[in-house]
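What follows is a group of structures, each given as structure tokens.
You will see subunit A twice below: alongside subunit B first, and alongside subunit C after that.
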Partner chain A sequence: MLDLDWSALWLSLKVAGWATAINLVLGVALGALLARRRFPGRELLDTVFTLPLVLPPTVLGYYLLVLVGRNGPLGAWLQDSFGINLVFTWQAAVIAAAVASFPLVFKPARAAFEGVDRQLEQAARTLGVSEVALFFRVSLPLAWRGILAGLLLAFARAMGEFGATIMVAGSIPGQTQTLSIAIYEAVQAGNDGRANVLVLVSSLVCIAVLLLAARLAGRSGGSRHDVA
Partner chain B sequence: MWLELDIERQLRAAGREFRLQVALACTQPRVVLFGPSGAGKSLTLKAIAGLLRPERGTIRMHGQTLFDAGANIELPPQQRRIGYVFQDYALFPHLSVRQNVGFGLNKRCLNSRRGTRIEAVEQWLQTFRIDHLADSLPAQISGGQRQRVALARALVTQPQALLLDEPFAALDRDLRGLLRQELETVLDNTGIPLLLISHDPEDVRMFGQQVVQLAEGRVRA
Partner chain C sequence: MKRFWVLLSLLLALPAAAAGLTVSAAASLTEGFREIASAYQDAHPGTQVHLNLAASGVLLQQIARGAPVDVLASADEATMDRAQHDGLIDPQTRHVFASNSLWLVVPLASTAVPAALDELTGDGFKRVAIGHPDSVPAGRYAKGALEQAGLWEALQSRLILTQNVRQALNYLTRGEVDAGFVYATDAHTVREHVRPAFQAPVEGGIRYPLAMVAASREPEEAQRFIAFVRSEQGQAILRSHGFGNP
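Entry: the complex of A and B
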């Protein structure tokens, strides 16, 4: 009964970790861009970036399949140029999890950058500090609290990703079968004992992430010294 | 003549049109831009520093063209070497006093560590008698001390001019007098030319070797 499937947990952590790392770069960069630059179609872009939050995960999965599948524009290019096939690999699960959790990083990041006093960035400019340097020395440290909260929620969301993942990565035990998919398979197979254990593990991981988030938020709230 | 400008810019704010059309030539080392609030004083200062782009005109400082709409010249604020002190000082809230003062000497992508000491920074901290506050954060010090930090931060980069936006407005009267004297001493010692915004006649008396009156976006003759 206690045949705990560590491979599913490990895979989920790996997929969620990679997805969060990708979103740390893309979500923060695009959040900063939309907060600071005015250009036509800015709010339309914001809507598109927020879409994964409200679209059914199966719709996301379908879009991804169309894009990276064998006949999709990106998939065909990867196949022809590098011989890479993404569908039914753990990397596909990373893409699915990253897309599904992207708005949870992007939205708070944009809000956090908009909350940074523009005059501080102007002051940095008059002091001769370049745009790139002032981003890392002024804007990012002052927006970091809001971004961090988003990153942890995105990690938890990526851990639980199901719909889009099963469509592009499938359910290959030990390879693409993440924790949430393994639970589904266990219930379908009538293996209640295994389902119970996996559900418990999944819940514990999510509680741990949320506790960590609360602790980090509490600590940076008490003192801003660490931020520098 | 250390500063010469002739600029125009149309602005819209809260449904209200505002036309900035300023021409001035600073012939004296200390110049006060005087006028009521909303006259366009801060906008003029921002244009000189490169924080506001005029639609037409030219800005020249010490013979160097900072901006020329006709010739498509626009030096970014980073290359203008102007010491700018904002009305509410704009100190970096996450950095210590020492890190704030040394900010412009470090061009890298990471802030200096808290303990890092640079000779020029330590000297300015002493000049303004804020060396005992070097490890404090801006939120932990008084208004007058913040103003000194902002001045030291601007001066440590050895700017070719100092632009001050209502530097004493946020302070009480006694402190204002003291800080005016400190500023005058620094100006005497460094020889850096000053353009100061104010609507306080006392500033005009102390720093107004030349006074330019501004009203409704235009220079009054």
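Entry: the complex of A and C
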């Protein structure tokens, strides 16, 4: 019963890795922006960015399908300008996973930046540090612990993404069939042997992520700057 | 707090209180069985028909795992054969009640309309939707037709496998695929969005059997429903949705 091809696992890791990398950039940047800048519609924007956490994944999947589909505004533009077709590709699975897990990076990032002592930032400014250097050398290191926790949760969420993924990426073995979808199909087809193996693999990966999260949290906790 | 527990126990007790007939039907029967269910309820007031629609293979797995289902209507004999082999249905109540045909369909906006299966290897057909052959009868029929034509291997990289035949149909209506295999009845439901290209050859034809589930708690009601599907009224409804005679 170990005629398992590992493509589903590798694909899931690849998709979750890319989604987390995208969210590291976007989630941290937008989290910092909303924590530090005051502008009209800020809380509305926060609500929009948090929506994927509470919306049913099928709603996300439908939005994405309508948006990036061949006849969707973004999909048609990509097709006409670059000949790119996203639907049924692993990149579509990355988009689905990134959108679904975005709030898990954005929310903790915003909270972490809001928790950074502004006096430390002011002190750096008085020492003539540029705004960019201030962000990377003061604010980000101080907020990092909170962001890291969010990133690991987001990675786990991206690994488990199912509803939106199956709508925009389909289920092509070796190309877009992630671990979650492979498990679903194995159960649907009554292939319990394959389902058992995949479920076990999935559980082990999640346990590993959680152990890693605990270890990283412990380590960064030891070298944490005392901001009190 | 006490009120909360009372409310919770009421909510949990609800499914047990609303007794009725649960009919598991193939996804392609969606519209036809909705109409049959409502006609049946009109004819037998007091009976609630609950429709459970999915790919036939999925329905079989649900029953095999103990889902409380009374009637199974599948889109192929193979699924029903497996159910019968595993003792999940009452063979005495098994009847073929409709027939269908498999078509290769393209989106309406499509400029390339193939005339035969081997044209699917052309450049215009990069994505072809087909039900997952492991659990979707329409997919198994399509796989059979492609294997017969010696094209199954060649088309592997172009196939978009779907969870049921209606998902393939949905991708067609949205223009996300260049072609797809669906039933004539499916194409009929969205005829303003898709164009049937040609009928795919299916060995032995496509016949829909239904039967009472062996573990049904409402055997009399289940058999009455089966009789209704096979009655003149039930058959007329199915024909109005494009299904052929059994």
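Keep in mind that, in the parts below, the second predicted complex is superposed on the first by the 224 of 228 C-alpha atoms of A that agree within 3 Å, B and C clash if a C-alpha of one lies under 4 Å from a C-alpha of the other, contacts with A are read in each partner's own complex, and residues count from 1 in each chain.
Methods note: a residue touches a chain if its C-beta (ideal position, glycine included) is under 8 Å from a C-beta of that chain, and two chains touch if they have at least 3 such contacts.
Note that the structure is predicted; figures quoted are calculated from it, not measured.
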item: Contacts of A:196 with subunit B and subunit C, given as first, second, both or neither; value: neither
item: Touching partner for A:138 - first (subunit B), second (subunit C), both, neither; value: first
item: Partner chain(s) touched by A:185 [first = subunit B, second = subunit C, both, neither]; value: second
item: Touched partner set for A:122, first subunit B, second subunit C, both or neither; value: first
item: Which of subunit B and subunit C A:89 touches, first, second, both or neither; value: neither
item: First, second, both or neither for A:130, with subunit B first and subunit C second; value: first
item: Shared subunit A contacts, counted only where both subunit B and subunit C touch the same residue; value: none
item: Touch list for subunit A against partner subunit B, complex; value: 117, 119-120, 122-130, 132-133, 136-138, 141-142, 224-225, 227-228
item: Of subunit C, residues touching subunit A in the complex; value: 55, 57-58, 60-61, 64, 127, 132, 134-135, 159-163, 174-176
item: Subunit A residues touching subunit C - in the complex, by the definition given at the top; value: 65, 69-71, 87-88, 166, 170-173, 185, 187-191
item: Contacting residues of subunit B [partner subunit A, same complex]; value: 49-51, 76-84, 86, 88, 90, 92-96, 99, 103-104, 106-111, 114, 137, 153-154, 157
